[in-house]
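In the two complexes that follow, chain A is the common piece, with chain B as its partner first and chain C second.
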Partner chain A sequence: MDPHHKRNQLLSLAGMCAIVLFLLYAQTYGTSYDVRILNNCALFIILAVSYNLINGVTGQFSLEPNAFVAIGAYTSALLTLTPMEKEISFIIEPIIWPLSVIHIPFIFSLIAEGVVTAIFGFIMGFPVFRVRGDYLAIVTLGFGEVVRVVANNAQTVTNGPLGLKGLAPYTNLWWSWGFAIFTVFMISRLVKSSYGRALKAVKYDESAAEAVGINTFWHKMLAFTCSAFFEGVGGGLLAHLITTISPTLFTFFLTFNLLIMIVMGGLGSITGSIIAAVFVTWGSEVLRFVEEPMHLGFIDIPPVPGMRMVIFSLILIFLMIFARNGIMGTREFTWNGVIDWIQKYVKPAGKGT
Partner chain B sequence: MSDFFAATGLTMKFGGLIAVNDFNISLSEGEIVGLIGPNGAGKTTVFNMLAGYYVPSEGSIRFRSQILNGRKANEITKLGIARTFQNIRLFSDLSVVENVTIAYHCRIRSTFLGAVFRLPLYRREEKEMYEGAMNLLNEVGLSHVTGERSNSLPYGMQRRLEIARALATGPRILLLDEPAAGMNPRETMELIDLIRRLRDAHRLTVFLIEHDMKFVMKICERIKVLDYGTTIAEGTPEVIQNDPRVIEAYLGEA
Partner chain C sequence: MKRLLLSVMVLSLMVCVSSPAFAADKDDTVRIGIFLPMTGGVAAYGQMEYAGIQAANKIKPTVLGKKVELFLVDTKSDKIEAANAVDRLIKKNNVHAIIGEAISGNTIAGAPIADKAKIPMVSPTATNPLVTQNRQYIFRVCFIDPFQGEMAAKYVYDNLGSRKAAILVDIAQDYCVGLANFFAKSFILKGGKIVATTYCQTGDQDFTAQLSSIMAQKPDILYIPNYYAEVALACKQAAEIGLNVPVFSGDGAQAPELIQIGGKDVEGVVFTGHFEKKAASTELAKKYIAMYEKETGKEASGFDALGADAYFVILDAMERAKSINGTKVRDALANTKNFQAISGTINIGADGNAVKSLVLIQVKNGNFTYLDTVNP
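Up next is the complex of A and B:
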């Protein structure tokens, strides 16, 4: 249908090459701090884009990603730690049987944690999608808390508040960005397909969606389960990036951070989620200086931990007042759009008219 | 009693309120039947029962030897009964053509993985959906605005788009809830032609609610009148126009 299909594919390929070259450059010349920030960016892209699928595209305001990330992270940790390491870690009570002997390579663990989280998401969807709107938000919020509390207390599985330590740092730029690109590719393919249109229909008007024969329950389940899959894998990558996981990592604040990202980017826009994920992750590093003690010559400001969150909250408030649709609204990045934009603004200047 | 579509003894109670009481309707293929009545008579409640939005408190609905009671709205649409809404309900932010292609989704055979990986079956279906939508938009006279956002269209066009969207689900029966509301007289006359044309082209049976009496009397072959949830008259437009009970319901007792 699109006459520029070939050209756009070539441009996408060129874009991918550019990303690979950039990552190579960062790997070779960047400090470990730079690499860490880039890894974080990729992970938050994965989490924000998949969270956006259920919250933005399908319009089901839910607050559960911390649960999915936790499930993914614990699954991957339990699968990749060697039996010996597990025995050392579980000092209060020993780990239960099948988990105590299982040990699989990292790549298989990624698939496994995606599948396990997707199954959790699928089962959870049955009670969750009996309700809508505010109730849906509360039920999913509750589910997030339940997972955290279980992680805190299921001593023989999760090692309780001690958490799991000493995971091998498998996650590098290639894993994180590779999977981030994969996630964006798959989810944008889904959103642009007939199924994606049906998801949008559910968002705009559920009754009308039913009237055109869309089974809204199963389409919500589809979005929710896909979202769970990618968040689970994201959780596994996160676990192997920071190498230590404990229940305190998966509080509501994780969900809240992701929520800021998808709202800032524009609910429903994959491009917006990516931009906002990078912006927030990178920005919170840049803003570190506001939490340090400052000497402004005549006045000394003491260090204020948590000041960055205040700034992000302010940004969010301003967005809600002045740009309610976020950075991108529901628009998406397309090569056609970019080229139209270039032709509109660059050509007249080039001609000198 | 027709084998094609028949609803018998439909009653809808909301707590102590009986919104519709013992409503009977049977439709033969190809008919255009109207449902009229004063505001709050229960017309839309009847539609909501027929289309699966309400589960009737009593009574049964049969369509081509299948019982429809208790089925969900999306299943009823898939069986071949499509509806439009009194207050237009388009997918507002999406384009005109997307609004119609969405309605083809209920007949898709590809799985979502087939769609994500753009397998040959999906690509063919996507093409069919797009072409089908363009044809339908052409039929209802919207082929010049396919790329516009649906909520940027004028009111009359939105009504026609909603009809096109309902047709895309491949219905045998079309339920139209006040299709002429908000239209000017010329648009209303065009709508009569359109509904007749669509009925013939798609072999439809049409059941419609409308307040515009000129429209109803002109298009309907048979009319039912509802007042306070009860059927007070039934018959051809001429019979209805002269029925004293109908005149009383509309104008009050003399």
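Up next is the complex of A and C:
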């Protein structure tokens, strides 16, 4: 038992209060643009942290989050849209019966989409974990494509390529950050538990883990299903933030974005995923200024669309050369670490003992 | 090293944040925001439209005695970015009106934000009927898919005398699925028969399976409402397997690449389009074509002309409203009557949709030739 357990809990509580105060401040004084960016940050924290559970912590290189996000988004959208909205959106083929009349509150839809996605993840896990390594990546990539193609073709359920629109903008700072904190809390608890240690064992050497009595298949399934649950919830929140979804939103590029985040943050580090999710989401908006025309006194630089991506690529290249393990490596943020750091650097200068 | 890198990154971010936002003079300019896909999957459309808007801005740089300032924000052809972009234009650049997006899905993502902020938005080329549905502040200068599908069906039935149509539709594009559907509905209503409906996906290279099954049904017209690349390849392969029926397509076919890819096999293909240089009759169109071709060195076509039209329609509404107030401009936009735009006469009808004529274009001797104008 950590002797500073109580102190750390208090510090965590204080940290939470600080976040709540900050959100309250943003809600009151920020513009809708600021709030939107904060919401995006929270959503990508949810998605990156839960993706990191399977890819980083358990070390199973998989490429399916776009499938899970799509399932979550479609489930929640179909559950919260009013029957009237559905009728006017489905202009090509009418929506099938039970879905056409269902309309439930947002909170229940969030739970439903998490559960539905988790069930999909669970079923999908059986074929997926029959293979390892590169093959696993290919199988999961295929699953991501399958979901997108089904969304395109099942017109009576998903409205095909037209997508769904007119979702109520339920996602606000409290929902998104609330779930982001919940996700981080749950996944960090899981990683610290004996299950989490087993998952890490699977990452470093699957055969050795099996030899010491870990049922690797079920542990991988556990990580996969948990990841699916949170990806699904994230998908539902995303759908209700941008208020419209269509299959083009859930292409491989979504997975790729998340992959960049977790690699950038450090595979296996929850803290790293959070930092990278915020860095990428917020940074790509901040960097928009490089695409605007600039007047540097004596020269005028014309706007260059796509410049942001160039800068991001450069950052990634530098990161991969100089800090191959990402921003955090496999380290995590802990209060003990912070206090040690403060004691090491601040105290000697402060009191001069 | 790591610490150094991290501090450099943090520092650069801080510089980014503190960099001063453009020094826009609040009262002396009219600010028009543009959100278009300048990068990503459909970047070609965004770039064409932006070039058109820039040419239009050169022709008419002021409105109500104030200078018009353009703010371009890239959407990366993505919905999340499109929503961010609209919020940014409204809150950070304080724009008075917005032009965008090029494709329907992204316009739908941006529309509720503009609608809520009461900033009028005009899309150049979002043809899906859902875009403006139930929205007060969202308009467009292109015709919508049901109209295009209906007119295509009418022309095929009446002028070509076709009775048995086969459809090859790109299921991955909302635009293609919508158009195919509205064509089929109108064609059946007129008394025709759809003998085969086959599907493909954007990026497909081989359509022989679909075309063979179509051939077995012996249609007398083949309707391919897809984008140019798929249309050109399908035409090539239809010729290869000996399916010799006239091919009809939609405005997605209007790109020089259609002829480059299709060669002699797209000869005779007819499609419905927004704009054809040779059919342009208005004063504005002549000015625009000269300006656009001088500025870019390219030939004016549908996408850039519609981008410019969006710009001119907004300016016209501001002049009639004698104001740049969002609500007043919105009311003026909704009352646009007989505006002589580049792509013909524009009336804004119910739901903010443009009611306008379309042109029929045929590929003849390796060129797009104007065939006919169809009025609503």
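Convention: the second predicted complex is superposed on the first by the 338 of 353 C-alpha atoms of A that agree within 3 Å, B and C clash if a C-alpha of one lies under 4 Å from a C-alpha of the other, contacts with A are read in each partner's own complex, and residues count from 1 in each chain.
Everything below uses one rule, namely that contacts are C-beta pairs under 8 Å (C-beta built on N, C-alpha and C of every residue); 3 or more make two chains touch, one makes a residue touch a chain.
Remember, predicted model here, so these are calculated numbers, not experimental data.
Enquirer: Examine A:244 and indicate which partner it touches, taking first as chain B and second as chain C; both and neither are also allowed.
Expert: The answer is second: A:244 touches chain C but not chain B.
Enquirer: Of the two partner chains, chain B (first) and chain C (second), which one does A:91 touch, if any: first, second, both, or neither?
Expert: So A:91 only meets chain C here.
Enquirer: Quick one: classify A:163 as touching chain B (first), chain C (second), both or neither.
Expert: second
Enquirer: Report for A:211: first if it touches chain B alone, second if chain C alone, otherwise both or neither.
Expert: first
Enquirer: Just checking: does A:133 make contact with chain B only, chain C only, both, or neither of them? Give me first, second, both or neither.
Expert: neither
Enquirer: Looking at the overlay, what does A:200 touch: chain B (first), chain C (second), both, or neither?
Expert: It touches chain B, and chain C stays clear.
Enquirer: Per the contact definition in the header, classify A:305: touching chain B only (first), chain C only (second), both, or neither.
Expert: The second partner, chain C, only.
Enquirer: More residues of chain A are touched by which partner: chain B or chain C?
Expert: Counted on chain A, the partner with more touching residues turns out to be C.
Enquirer: Of the partners chain B and chain C, which touch A:3 in the superposed model: first, second, both, neither?
Expert: The answer is neither, since A:3 touches no partner chain.
Enquirer: What part of chain C is in contact with chain A in the complex they form?
Expert: 1-2, 5-6, 9, 13, 16-17, 19, 22, 38-39, 41, 71-74, 78-80, 83-84, 87-88, 90-92, 105, 108-109, 112-113, 117, 128-130, 133-134, 171-174, 176-178, 181, 199, 201
Enquirer: Which stretch or stretches of chain A touch chain C in the complex?
Expert: Going through chain A, the ones touching chain C are 31-34, 36-37, 40, 88-89, 91-92, 152-153, 160-163, 165-166, 169, 238, 241-249, 253, 279, 283, 285-289, 291-292, 303, 305-306, 308-309, 315, 318-319, 322-323, 327.
Enquirer: In the complex formed with chain A, which residues of chain B make contact?
Expert: Chain B residues touching chain A: 51-53, 72-74, 77-78, 82-85, 89-94, 98, 101-108, 110, 112, 115-118, 122, 125-126, 129-130, 165-166, 168-169.
Enquirer: Touching residues of chain A toward chain B in the complex: what are they?
Expert: Within the complex, chain A touches chain B at residues 1, 186, 189-190, 193-195, 197-198, 200-201, 204-205, 207-216, 222, 330.
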